[in-house]
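Below are the structure tokens for one structure; questions will follow.
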Amino acid sequence: MQYKNLGRSGLKVSQLSYGAWVSFGNQLDVKEAKSILQCCRDHGVNFFDNAEVYANGRAEEIMGQAIRELGWKRSDIVVSTKIFWGGPGPNDKGLSRKHIIEGTKASLKRLEMDYVDVIYCHRADSSTPIEETVRAMNYVIDHGWAYYWGTSEWSAQQITEAWGIAHRLDLVGPIVEQPEYNLLSRHKVESEYLPLYSNYGLGLTTWSPLASGVLTGKYNSGTPPPDSRFALDNYKNLASRSLVDDVLQKVRGLKPIADELGVPLSQLAIAWCASNPNVSSVITGATKEYQVALASVMALPVAFHLS
Amino acid sequence: MQYKNLGRSGLKVSQLSYGAWVSFGNQLDVKEAKSILQCCRDHGVNFFDNAEVYANGRAEEIMGQAIRELGWKRSDIVVSTKIFWGGPGPNDKGLSRKHIIEGTKASLKRLEMDYVDVIYCHRADSSTPIEETVRAMNYVIDHGWAYYWGTSEWSAQQITEAWGIAHRLDLVGPIVEQPEYNLLSRHKVESEYLPLYSNYGLGLTTWSPLASGVLTGKYNSGTPPPDSRFALDNYKNLASRSLVDDVLQKVRGLKPIADELGVPLSQLAIAWCASNPNVSSVITGATKEYQVALASVMALPVAFHLS
Amino acid sequence: MQYKNLGRSGLKVSQLSYGAWVSFGNQLDVKEAKSILQCCRDHGVNFFDNAEVYANGRAEEIMGQAIRELGWKRSDIVVSTKIFWGGPGPNDKGLSRKHIIEGTKASLKRLEMDYVDVIYCHRADSSTPIEETVRAMNYVIDHGWAYYWGTSEWSAQQITEAWGIAHRLDLVGPIVEQPEYNLLSRHKVESEYLPLYSNYGLGLTTWSPLASGVLTGKYNSGTPPPDSRFALDNYKNLASRSLVDDVLQKVRGLKPIADELGVPLSQLAIAWCASNPNVSSVITGATKEYQVALASVMALPVAFHLS
Amino acid sequence: MQYKNLGRSGLKVSQLSYGAWVSFGNQLDVKEAKSILQCCRDHGVNFFDNAEVYANGRAEEIMGQAIRELGWKRSDIVVSTKIFWGGPGPNDKGLSRKHIIEGTKASLKRLEMDYVDVIYCHRADSSTPIEETVRAMNYVIDHGWAYYWGTSEWSAQQITEAWGIAHRLDLVGPIVEQPEYNLLSRHKVESEYLPLYSNYGLGLTTWSPLASGVLTGKYNSGTPPPDSRFALDNYKNLASRSLVDDVLQKVRGLKPIADELGVPLSQLAIAWCASNPNVSSVITGATKEYQVALASVMALPVAFHLS
């Protein structure tokens, strides 16, 4: 496993990382979580991503308990969480000083950790001035609850505004953005964010490398297999948006390339993300059944870049 | 109940809020306080205002105990207090660094809370440089004892001076002013403060929406009813200043409008304050007997603005 | 007793204050200290001065214990201490970051207080850059161990340099200087410091209002009475420097003025210091025997200024 | 023993100091450490240097325990440690915010101390922006875990960049650099760093005054004595690099000078380092056997400078 600096910061993250999204607290409880986390660690993964909203906080509780029971040394790993959706009340969401501080404290309590390494703004909040958010994130860092902060799914304009405020006030700016990025969704990373890499040293931790599974090729027939996510009722909307003709055509076109390289399409898709020099880490997720496949991805030499 | 941002900040406050002034510690003890606070909460009120001077600190003790006994989650509510009059000694009042820090600590101890959401300067203090006050308020915020700070009954010049200092020192300025505001007292809010709303994003939490009861119409005859506040000896001065002819004439002129809208005059008066877009929250106060009326006010759709 | 702002700060100090110098830990122990402190408080004194060097720290222990046993409310009084001579080691003295932080912590431990109101640099330290001292004093204030800081016996140039650094770094500067000041020693207060009062709002707490007793008139004969301080062996040097002809002539010349005013010379001398508008507080010291005299001084109306 | 300011700071360090490198945890355990530390203290040494990497942290544990058992007053001594190599993981080394904070906490835990006086960056880290390191070092200082920070083996360019960042952000810069310096290795101290002494008031604590023993003269024959370090297998590389002809020739040329002065060559070599006015302290190391020799070095009057 290779380690990259998270953007221009000194933090080192494994090129592939594990995210608790979808799985922890839904499909996986502590016992399975321990098994999958240890599998990641065995393959050199040191970066584990979470969010206050994942399974309404249960994902943080599971990850925290699993890591404690595994007896890992805190400094050996990089843990992140994300703040935005903390509950139903008017002050439970968004990026106000109140919610950032209350939300961070609540996340740390669920994780039973003194700090996370990186804390993200899970989305942009148009109802809070970015200055308030930049100040609150610096408060979190000054209090030792996080070492770095970042954003997720912010626009290039919003990240630039945050950096302008940080520079004006001598505060620290966001070192990382967490966008969706995969072979089917490339605009933000490869175009919109371009000036940010050199201007601010922005790093990327990307999610959805397989485009919700579409890039495994398992939906290539156009009909979701009965045991797949898109066959579930509450994913019907996403399925109908994802499984359109021109998308499936693209995916089918990738199959011969994967075959030529002698790797499954999913590995090709993940390796392609990781090979982008602006991507610090590709966040993968995996349920128990997928564990073996995950292991082989972790072991994958990332040595090619298809642009 | 609608929620508004407190000025340009990311904090969300209910359009109507509850203030402990006059009632807590004087007419109401913990049991009644719990009942009235729960009534507010049931109608969507999330903002509760207090001050170190209310009933000499007893109002804070009652509110804190009531909230604990009600088992509310701290992050669900917005609690504020105000510092200025803390006792008889030369350093017990005003906005010196000493009194702001000592007063805030004492308030939090009485509330048995780790922090308030907003801390106000209850008045301006001409004997302390505003820079000292701005720095002390930032000290309070940096220590996590409050998320935001504001002023009460400061002049536009004083608020502007505070913002100039905050900008020069890269500190946070006051996000909110708490003035008196009602149909009979409009100058500050509608004229003096005008540049502050856009310049500094100033929000308002307003007090005395009923002008000490005058806007209920119950004094329209000119003679205070025997069970009213103005019939009490220690309110005689205020009564004689409030119940003058031109005031009563104005109030009498509002009655037909309220009748046409089919609401009591008091509801009209409160709704009128809340409908001002620069007003974030209208602070109401209510004794036990008034509870039913309060409930109906809380339920009031605020949809008109008489200017 | 009148209260004045300490310079341009919002802190209010009594015009006459009590200093532990010479007496606490030498002539007075806890029991006598309690009696004399209560006498001061009864006459409206709210400001009590100390230093880490007084009786090698014993003065702080006595004052702290006395105040605890008297049951005073901490916010009712203003307590100060001074850092410079903390012990015999190379890092035990001066104004390095190390000694300021270690010395302040040790003083607070002896006082058994969480904070002092004002912390002074007891002298200037030419072997430490003033920037290091300004930063360390702000560290002390940011940690809540003091509300304000000041200097003692610094030159106008040094105070000006400290303010320049504080302004450049957006830190707080020294609000008060503690010089010797009395009818026989006027240059610093009335000439050298002149620009500092308006430029920086500098306040003064002055010591030695009686010029080591010379201004009581008891040495007017030129021969120290057997029970006086100057009759002691280890005061011989000071005595020979103080009791020179032109000094005694000045003191003898003041006697008729005091007689005309109907007050003892010592009261005239103290009142004269206090009447200087740039003097915030005159620090007096008193042993047990002097207690009655002290009481009468405290009760003195300060209404004249002899320039 | 003379004390010098550590560069332009107010911290006073003994001209000769003791470093735990090589000895603590390797040749010496707590008992011997106590004996050698007390010997140093008896000769006036007040400065003791350590690093997280020395004996993988054991050197810090030994020094901390020894000092506790000796009952020394913390403020009487100056303790330093250095952060860079904390373990085998990707985030265990270097000068990222994560490793500086985690490493400092771990060092303090091993030392069982609340703070060190000086914390060094043990090397430069080209994979972390210097701004991140400057900010993290200021975080450590703001939290009270160290009073000052410095560098070790940084280039003049890197130190200058750190000071530029510190000045731009109003933070504190590195007050001291710890380079190798001895009669055989003079370039950095006497040439490269020249502008830093006056520009930034940089102080120096130097290591290897005897050039790994070469300047004792014991290798002058060219063949390491059987009980010397260079006779050991894992020092063969260093030995072959050190014991080259032109080096030995220089050392042999120094012998007559030492003889003329009537001191052993090792004392001449150490005193020569200490006599450089830009050197604040010369760090010596000594095993038990060397204790007597050390004592005589400590007692050495440093009064000559051979340039």
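Observations on the structure shown:
The letters A, B, C and D name the chains in turn, as written, and every chain counts its residues from 1.
Everything below uses one rule, namely that contacts are C-beta pairs under 8 Å (C-beta built on N, C-alpha and C of every residue); 3 or more make two chains touch, one makes a residue touch a chain.
What you see is a predicted model; the values in this text were computed from it and never measured.
Identification of common neighbours of chain A and chain B yields an empty set. Two copies of one sequence, chain A and chain D, touch each other mainly through non-matching residues, since under half of the numbers at the interface are common to both.
Computed centre separation for the pair chain A/chain C is 61 angstrom, with centres defined by C-alpha atoms. Averaged C-alpha coordinates give centres for chain B and chain C that are 43 Å from one another. The residues of chain D that reach two or more other chains are 142, 170, listed in rising order. Working note: touching chain pairs come out as A-B, A-D, B-C, C-D. The touching residues of chain A, counted against chain B in their complex, run 86-87, 89-92, 94-99, 101-102, 106, 125, 127-129, 132-133, 135, 139, 142-143, 168-170. Looking at the complex, you find that chain D touches chain C at residues 3, 5, 8-12, 46, 74-76, 78, 117, 142, 144, 147-148, 170, 172, 201.
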